[in-house]
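Both of the next two complexes hold chain A, though its partner changes from chain B to chain C.
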Partner chain A sequence: MAVSTGQPPAAGESARGRSRRHDSPGRLRRALSSHWYAWAMIAPVAVVMLVLIGWPLARGVYLSLTDATEANMGRTIGVNVIPSTYEFVGLDNYLQILTSGLFWDKVLWTVTWTVACVGLHYGIGLGLAVMLNRELRLRSLYRVLLILPWAVPAFVAAFIWRYLYNSDYGVINGFLKVAGLSGVGWLDDPVTAKIAVIAVNVWIGVPFMMVAMLGGLQSIPAELYEAAEVDGASSWQRFKAITLPGLRQVSTTVVLLGTIWTFNMFPIIFLVTRGGPGSETEILVTYAFREAFTGIRNYSGSAAWGVIILAMLVVLAVGYRRTLRSQGDPW
Partner chain B sequence: MTPVTRPRGERGPLASIGLHAGLLIAVAISLFPVVWLVLTSLKPRDSWLSAELQLFNDSSLDNYARVLTSTQFPQWLLNSVLTAGLTMVLGVFLAATTGYAVSRFRFPGHRSVMWLLLITQMFPVAILIVPLYNLMAGLGLLNQIPGLVIAYMTIAVPFCAWMMKSYFDTVPVEIDQAAMVDGLTPFGTFWRVVLPLARPGIAVTAFYCFMTAWGEVGYATVFMSQEDKRTLGVGLQQFVGQHWSDWGLMTASAVLIAIPAGAVFLLVQRHLITGLTAGATKA
Partner chain C sequence: MRRLLAAVAVAALTLTATACGGGGGEAAAPTASVTDPAKITGELTWWDTTRPDSEGPTFQALIKEFEAQYPGIKVKYVNVPSDQAQNQFQTAAQAGTGAPDVIRSEVAWTPQFASLGYLQPLDGTRAVDDGSDFLSGPLSSTKYNDKTYAVPQVTDTLALIYNRRLLKEAGHEEPPRTVAELKQAALNVKDKTDADGLALNVDSYFLLPFMYGEGGDLLDVQSKKIVVNSPANVKAIETVADLINSGAAPKPATTDSYANAMTALKEGKAAMIYNGPWALSEIYQGKEFKDRSNLGIAPVPAGSVKAGAPTGGWNLAIYAGSKNIPAAYEFVRFMTTVKAQAKIAKEISLLPTRTSAYADPAVQDNPDVAVFKPIMDTAVPRPWIPEGGQLFQPLLEGYQSLVGGQATPADMLKKVDEQYHGIMKDWS
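Take a look at the complex of A and B:
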């Protein structure tokens, strides 16, 4: 938890309270008088979140229980106001989604995508961070060059890679041809397309992990390593007994954040493969988006997908927090 | 002493070579796409059609000239700058106080605010986009920059608040205490003492916020359908459509977008890192 051991407000507050009067003003009143400025400071964000996230969320959940599409949604054309004609259908949308094979295909691929991406991000990031944490010539140059992919906006990166993957004039096939192999239609086959999008996401995401891990490594006291050396620990033992536990705090946070980001990673798949071939590389988020905004816009179906995705993530986060707590982490 | 335990900081020449080789491979992979992008953009008009591995045979700035004069790229750039700039200013402005309150005060609801901030980061585009779209349509804000900015607030505000919190965590509490002893109110302390100290943090949060809005595609695709209202992420999709693509235009504009962003990024990355990890280790 954050520092705040001294609790500066408590000091100022008790002084003010004393000068006022002694008869205890009741719990709510007391809480109000000692915390009102904290609440006042939170107010702007609370209002924004309530209006811009709370309301649309509530409405999204409501829409998911109706049969709203573009066709029966109320709208205004010129001076004519067409009222909405969609109806409340209860859990039909959810039943329909949860019983369709498509949904489970997408869940399987989304989980594969998330696990593969976060695993590779973490593994490669940690590996590079350990390498960069050694005494090394040109260390800061390596570091800057390795961070570079992070500086490229995601949509630009997606376009670059789509060009590299192009089957006719992409450079990857160019290399293959130079090596005497025949080109591969990277984005035309489900399997290679999936590998391709994972590779793009790994390329984009590794720098963040590397940087976070490097920060974690540098906060481990050097004395621990010295002590371990005196005791004759091998470098692998030192890594296992000092480095990994020392990185625990950072790791738990970045892995959770990374999982959420990857699960909802929209631009990469949307721009590199456009979900294709067919809808093979479509993850839950991009599928729900397409559902809402192509063809006859299926607003209710898309909202139901959204609610399901959110529910999955919340369950994941809560479970994660539970596990960490039970292992004694201060979450 | 056994031979396996080599003191830290010393290693054999073989290990050194291995280390450098590993890092060089990683650098090559991280750099190659960017280098190739720049090289392609410098080729003359239709040479992107070949994957030949030739370097500066006949470089030209033809692609850049075409992007800047015969496409709507400048208009899109302006839209993007306006949108991202507004998002940044509003986001940081709204979030700063919350970050401070969460970092310093233990008040009822403290924990739930932190969790709320984290959970809103999980919101998939799909769940908010339809209600927001309808809301914008109702308010007549579709194809308007303020409308897109409002939509981006849903991403930017929780994120900025979280980032600001980690920066305020790095400012020693003793400074607040000293200010309070000297008679400042909690607001006065925040405004006149802590905020100026957190200026680098604000700069980095602002930059990060800017980049988030700069690179967003989902909301922008749906909300900005009118051609002259598009932002870069939407507009660029046009260069490489289903039926017609011109990678010369695409690569040149990608370079134009990435260079300023990358330059600023490299300047602030050191602060960015300390902020993120400080937040992570203390969260």
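Take a look at the complex of A and C:
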């Protein structure tokens, strides 16, 4: 990261430095000579980042501009030699994806999924945090219980929920039947399946929000509340005028994080519904995975999906940051 | 200072280049020829895909026998769930590291792996012992571009598996022979007992008997045509929809469909299912079939044209990048002998792929294998093409939307047809 932002000015600055020999050294050179130690310290990290993130990213972008699949990538395995026959095809993959109705269906559902999940995470998390921030009997017990979903590995939770939702032998339908109602094919109908996966993700995601909010709440000075109470503010007024602004720093960060996580929440969808029924609950990442890993793998197509998803998230993150900054957040 | 920067840049480049080289694959392993097979030494890894609790022990016992016969070879047994093995093998084979020497490959995966260059050609090697002895259906799945890439290990097909007690209570001594009789029998079971008639498994593979029954198919390989959207198939799908709508089959779950259908049969909550010999050892664990004679096996009911179910099964294939190909040849040879197949058939009812194995007394004594043999003779081989494995997902999605009531049979097949054209671009 540091290297990449540092390098471009290097050429220009040092060239200018050389032409105007007796001027003061370039900004970068000055920075280097006074901070060389810091640069040396971050160099290993920068190299590792470049290798682990930069290279695969560059390779992915390159592949997305070709027609590479598992069948036409050259390789030699034992006696079998397969020649490399894939070609550069420019933006074909992107055009194909962006002009397909399927892509827009998936975008719509992914956005709905993200907004619904993050909204519920935040709302419920905040509500629980406010409740648990009060003096309450057995408060620590409640806190532990509410954090429990977070402690369960996502795939275990997904399998448990899948079992609960089972239409013939599941616990939820079992209760419905005891109550004299007919069972619901939770994961068999597009609408109920969507509600079902959102419910699972909310169950898993609320504890994180709750803990983050609780931390935020505890950093709000109690004097503010006392002062407001003395001034006769109602509890709703105190919540609006003290709690919410006090939580602003924490909220903005966790909402952005939550959005990115939920947008790319692969395991829940993949393990609970496998994208079904049909491909109705498939979000962008699970669909890209399916493109990449079924049958003869389509490296180029799935790389293009990956790049599009990345671009959407980058735009979101930048836009979000801009908005916050324009509202005076030091972010 | 600039020197330091340069050094960093060089280091980064070197590392990147190394990472680059990783994808290149391994150099060809020298294939030493050893005159006496018993003297071959080395270690083999075998990926098995059977159910570890009910089928695995038989294969591990066979490995013990193999190691006794070839004292120089050690076999590492790895059980990989059958729904993950294909993907994991592709990843490992492509990367050139972590792939097993021998893999138990499903019949539909074999041509795909072969087309991708992952498998060792086996023509004229010690892996294939008397090739003409193998049943033609399973054998055809091991060929790709006229070369042999695997040896058939076990074969299977679908049959109608039923609960004799429930059918008898509903007034049927004999299992249904046609789809019309199936519907009637199922409705009778529903009326006269407290069980359901037919438990459907929402899976594309299980749709094939209905399609074959009406004379339909997915592809016409000879003329390179996609024929999934044919009147015959529409009729087949309408039949399935009618089974569900009439109540002969309760509306099936689309998630965990296989497990739910199996549980329904095992618990006596449904009288009939479609399934293959691989399911028998699990079914016998169910409470309805403590008395094994309560389980009936019959050919899949015929449609208006014929009765037909797909040929399935598993082959043994050798990874082309294996370091120990001579030992792998011996292992594959050993695991597909008549003796090994007879043991497998006797203990876990999996069907042999050798004609001569069916003459073995141990095989003939297993009633399940005896019942399946004639059914096997009418099984329809699927198109063995590399894309074969990709045909099921669109059909599955279509089946799910049919069951969910979002698509009519005609709509469903039209959509599947479109998706097939996307997969196989040069087919008409």
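One rule holds for everything that comes next: the second predicted complex is superposed on the first by the 299 of 331 C-alpha atoms of A that agree within 3 Å, B and C clash if a C-alpha of one lies under 4 Å from a C-alpha of the other, contacts with A are read in each partner's own complex, and residues count from 1 in each chain.
Note that contacts are C-beta pairs under 8 Å (C-beta built on N, C-alpha and C of every residue); 3 or more make two chains touch, one makes a residue touch a chain.
Please read all numbers here as calculations on a predicted model, not as lab measurements.
A.B. asks: Quick check for you: in the superposed arrangement, does A:220 touch first (chain B), second (chain C), both or neither?
C.D. replies: Neither partner.
A.B. asks: A:50 in the overlay: touching chain B, chain C, both, or neither? Say first, second, both or neither.
C.D. replies: Only chain C is touched by A:50; chain B is not.
A.B. asks: Just checking: does A:324 make contact with chain B only, chain C only, both, or neither of them? Give me first, second, both or neither.
C.D. replies: neither
A.B. asks: Is A:190 in contact with chain B, with chain C, with both, or with neither (first, second, both, neither)?
C.D. replies: second
A.B. asks: With both complexes superposed on chain A, which partner does A:273 reach: first (chain B), second (chain C), both or neither?
C.D. replies: The answer is second: A:273 touches chain C but not chain B.
A.B. asks: Which of the two partners, first being chain B and second being chain C, lies in contact with A:242: first, second, both, or neither?
C.D. replies: In the superposition, A:242 contacts neither chain B nor chain C.
A.B. asks: May I ask you to decide whether A:81 touches chain B, chain C, both, or neither, giving the answer as first, second, both or neither?
C.D. replies: In the superposition, A:81 contacts chain C only.
A.B. asks: Regarding the shared-chain residue A:162, is it in contact with chain B (first), chain C (second), both, or neither?
C.D. replies: Once the two structures are laid over each other on A, A:162 reaches both partners.
A.B. asks: With both structures superposed, pick whichever of chain B and chain C touches the larger number of chain A residues.
C.D. replies: B
A.B. asks: A:142 contacts which: chain B (first), chain C (second), both, neither?
C.D. replies: The answer is first: A:142 touches chain B but not chain C.
A.B. asks: Do chain B and chain C touch any of the same residues on chain A, and if so, which?
C.D. replies: The overlap between the chain B and chain C interfaces on chain A comprises residues 3, 39, 46, 55, 75, 162, 166, 168-169, 293.
A.B. asks: Residues of chain A touching chain C in their complex?
C.D. replies: Going by the criterion above, the answer is residues 3, 10, 14, 29, 32-33, 36, 39-40, 43, 46-47, 50-51, 55, 70-71, 75-82, 162, 165-169, 185, 187-190, 273-274, 276-279, 290, 293-297.
A.B. asks: For chain C, which residues count as touching chain A in their complex?
C.D. replies: Residue list for chain C touching chain A: 1-2, 4-5, 8, 11-12, 15-16, 19-20, 24-29, 31, 87, 90, 93-94, 96, 112, 115-121, 251, 253-256, 260, 263-264, 319-322, 325, 386-387, 389-390, 393, 397-398, 400-401, 403-404, 406, 423.
A.B. asks: Show which residues of chain A lie in contact with chain B when the two form their complex.
C.D. replies: 1-9, 11-12, 31, 35, 37-39, 41-42, 44-46, 48-49, 52-53, 55-57, 59-60, 63, 73, 75, 124, 127-128, 131-132, 134-136, 142, 144-157, 159-164, 166, 168-171, 173-175, 177-178, 203, 206-207, 211-212, 214-216, 219, 225-226, 229, 232-235, 238, 249-250, 253-254, 257, 260-261, 263-264, 266-267, 270-271, 284-285, 288-289, 291-293, 299, 302-303, 305-307, 309-310, 313-314, 317, 331
A.B. asks: Which chain B residues qualify as touching chain A in the complex?
C.D. replies: Per the stated touch rule, the residues are 1-2, 4-9, 11, 19-20, 22-23, 26-27, 29-31, 33-34, 36-37, 40, 48-53, 94-95, 97-98, 100-110, 113, 116, 118-132, 134-135, 137, 150-151, 153-154, 157-158, 161, 165, 169, 172-174, 176-177, 180, 185-187, 189-190, 211, 214-218, 221-222, 232-233, 236-237, 240, 247, 250-251, 254, 257-258, 261-262, 265-266, 269, 272-274, 276-277, 279-283.
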